[in-house]
C-alpha cells in the first residue's frame, strides 16, 4: 500500500541516514566522529536529545570500540547502528570480521573516504573496498534517497539473514549534498521491520556462550556456514527490495542499469558521483552516435554475478570504473577484478578496460566519462587506465 | 566494603562455573572464576577478553560458562560490555527485556587490561557505564606463552624478558593500574587475592551493587603455575605471601576514600610485613635475583607503601 | 567419530549448552590424587574454598568423627580433580594426602 | 525548465554553503528537484570557498561541480582579486554580487554587508544574498525561502534573517 501523503525533505546523504535510523527505531547507537561521517552522529545526537529517538547513544572513544559496543548490544538483542569512514573503518576492521562471523544483524553507514597517507578527507572507495571481503552485506547507494531507503531495507535483510550490513555512499559528494528525500511514515517503517526472534541472544534466562574457541575440527564448518549465508543473502536482499517497493513505492534492484537495452558500450561503476556523471556521459555519447549505457553495482556483497552477466550480455566492450586502488593487483580496480572473475568463470571473452578515477575525490568530469566511451569504441586499452591523474 | 558474607558458612554453595575446562591444574585464575561466578549469581552477562581464561573455558562445542557469555576480541571487552549494558538499559525501557535486574561483568587478564585494552577500559569508566570490570592479574601474557606485559614486575623472567648477561628479566616496574582506574573517579575499585576469598567475594558483591552508580573495578591477584614457575600446589600459598609481604596490598577505593583491608591494614608499619624474599623465593621467575636486586625491589615497594599511606589520609 | 556437518551446527559458533565442559572429565590429568582422611578433617572448608575446579563436594548429613558430630563432610569428585594438590597444601590438619595414581 | 545551475563564491564563515542549501530546500519545498553541495575542504574561516546548486523540474543525477553556471553569486568584492568567479560563465549568465561590480553579464547588486550589519549586527551576508538571488532569478518564491529558513534558524534569529531576506529582495537592483 502506498502512503497517502508524500513527505519530502531537503536532506544531505548523512541526514538521510540519520532519518532512516530514527524511522527504524534503533535501540543502541555507538559512534565516534570522523569526517565526513560526523554529521550523522550530530543529527542522531539531536534526535536522542529531543526525545525523537528512544535509543542509548554511546559516545565511544574509538571506532574499534564503536563496532565492539554494537556487537555487544546486538548480541544482547538490541537493534543497533554505527557509522564511520576511512581510518575509522580501518581501525574497526578487526571487528568487521568478528561481527559477521558472530552473525549479528548490525547496520553500519559508511560515507566513503580515501585512506591515509597522505591524509585526505575526500571521497574515494579505498576504505569500503578494503572491507569488502569481511563477510558483510555491502550496499553502495547513489542518492540520498537511496541511502534512506537502503538503511531501512538493510535492517530487514540483516535481521532475516543474520548478517551485518554496510550501507556505503560517496563521502562529501553525497554525504554533504542536499537533495530531496521522501520520508516514509515511521509507523509503516516499524511495521516493515518486525523484529524477528533472534536465534541466540545474551540473556540470563537462556544462557549461551558466544565467541568460543574452535579447533581445526570445527572452525572450517563455521566459515563455510558463513560463506553460504552471505551467498544466500542475495535472495533476501532482492525479496526485501521488492517488498519495500510494494510498500513504499521505491526499489532499486541489486544492479541498476541506464540505457543498457541496446547499448554497445557500457561503463560499470558504483556510488553516486561516478554513476551520475556516467549517465550524463552516456546521454552525451548517444547524442553523438555511440550506443552507450551504464551499469551500477548497488549490491557489492554478495556479488550479483548473474545480474552483471545479464546486464553486459549485449555489449561489444565495457569499462569498469573503479574508485579505489588495490596495490599490486593484476588490475588495480577491485570491481574490475570481481567482474573479470565473473566473466572468466562464465567463459565470456570481450574487451574490458579497468579505469581508475576519482581517487581522493579527483573530479570525475562528464567529459572524462565520455572519453571512456570513445576509447571503448575505437581501441579498448589493454592496460589499466589511471584517469585524471598527472602522469 | 559492605559485608555480605561474614564466615565461610555464608558463602554461596551453588557452582556456576563448570568443571571440565582446560585451565591448568592449580590455576589461580580458575579459583577467581569459580568465586566470581558464584558471587555475581546467575542474573548477569559476562564479557570476556581474549586470554587464558577465554580459550580454556570455551573449546567448541563445550563451555564452562553457565552465564550468558560473550567473547569478541582482546582489546575491547569493556566496549563490548558497554554495548551490552546499553542494550539492557534501552530494552528494559522499551519493555523488551524479560530477565529483570541483569548485571554486566567484564573479565579480562592483565594484557587485556593494562595494555591492549586500556583505551576501551578508560572509555567505559569515563562514560560511567554500570559495569563491574574484573581484572585477573597473572602478570604476563600467559596465553601466548609467558611474554612480558605492562603488569609484569621488574626483574621477572618471561620469554621476552629473559635473564641474560646484559639484561636480567624485565627492565621496567609494574604499571599502577589501580591508580589509573581511581583517576577516573569511579564509585568503587578494590584489590583482592585468591588467597583471601572472603575478602574477595565481599568486594565482588560490593562492586556489583555499586554498578547502580557507575563503573566499578576489581583487581584480582591470580598466580600462574607455568608462568611463575612454581609447583602447582603452591598457588594459594604464593598469593597469600604476596599479601603478607606487602607485595600485593589489599585495599579498596570507596567513593574517594582509600582503605587498607586486613591483613594489609597493619602493613603500613614495615615490620609487620613478612620479608619480601619469602614471596620471591618460591617462584622460578625470580630465581636469578641477587640480594642487591631484591633490595632494589624492596625499596620500590617501601616507596609504594608510603604512597598508599598518603592515599589513606585523603 | 563423525562430527556434525556445517548445516547441522548452530549459527555463529554459539554454544547453546551452558556448563557443557562437564562432558570433559579431567581425571586423566592427575598424577597425584588427593585423599581426604575424614578422621583428621575439622570441617574448616578451606579445601572446598580453594579448589580451582570446584571438585570438593560438601555432603550434608550427620557425621560422627572421633567423638565429634559434624553436619557436613567433604568428598572429592575424582571425575574432574586435576590433582593440583592445593587442597592438601592448604589443609591445616594435614587431613588430605596426595597419593600416586594407580598406574 | 531544464537544470538551472548556480555557483556561489564566498569566504569561509560567510555562509555561502548554507545559502545554496536554503535555496535547494526552498526549491524542494516547491516540489522541484534540487542539489546543493559545497566544494569541500577542511573548513577554515576566511579562505575562499565555493558551493554549488542545481534546481530542476526533473531528477538530477549529474554530480559534477558547476562548470558553466547560469547564476554566479559573489559574497565579497575581494573574491574578484582572489579568483575568477566568472570562470566558465556564459553570455547569458546572471551575476548576483554584494556591492557593485561591472561585468559583461547581466548583474544584480545589493549592499549585503550594510544590510546584514544593520539587521543582524554582524556581517553575515548569506541570507541577504538569498533575497538578491530570488529577486534576480525568481527561481523560488520568498514564501518558500521563509519556509526553508525554518530548517536552519529558530526564534529571533529566524525573524531577523527573514527580515534581511525581504529587505535585500527589495533593495536588489539591476546594474
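Letters are used for the chains, namely A, B, C and D, taken in the order the chains are written, and counting of residues starts over at 1 for each.
Convention: contacts are C-beta pairs under 8 Å (C-beta built on N, C-alpha and C of every residue); 3 or more make two chains touch, one makes a residue touch a chain.
In this text the structure is predicted, and so the values were computed from the model without any measurement.
At the centre of the protein atoms shown, by the Cα-centroid criterion, sits A.
By the count of C-beta pairs in contact, the leading chain pair is A-B.
Inter-chain centre distance (chain B to chain D, centres taken as mean C-alpha positions): 62 Å. With centres set at the average Cα position, the gap from chain A to chain D is 33 Å. Per-chain Cα centroids separate chain B from chain C by 24 Å. Each chain gets a centre from the mean of its Cα atoms; for chain A and chain B, those two points are 43 Å apart. Residue positions 102, 207-212, 214, 218 of chain A each touch two or more of the other chains.
Of all residues in chain C, those that touch two or more other chains are 13, 15, 18. Looking at chain D, no residue sits in touch with two or more other chains. Across the complex, chain B meets chain C through its residues 8-9, 11, 13, 15, 17-23, 25-28, 30-31, 34, 57-67, 194, 197, 225, 231-237. For chain C in complex with chain A, the touching residues are 3-7, 9-16, 18.
Note for the complex: chain A touches chain B at residues 27-28, 30, 54-56, 58-62, 64-66, 68-78, 80, 94-95, 98, 102, 201-215, 218. Taken together, the chain B residues at the contact with chain A in this complex read 42-45, 47, 54-55, 58-61, 63, 65-73, 75-76, 78-84, 86-91, 93-94, 96-99, 102, 119-120, 122-123, 126-127. Those residues of chain A that touch chain D in the complex are listed here as 8-10, 36, 121-122, 143, 170, 172-174, 176-180, 272-273, 275-277, 279-280, 361, 363-366.
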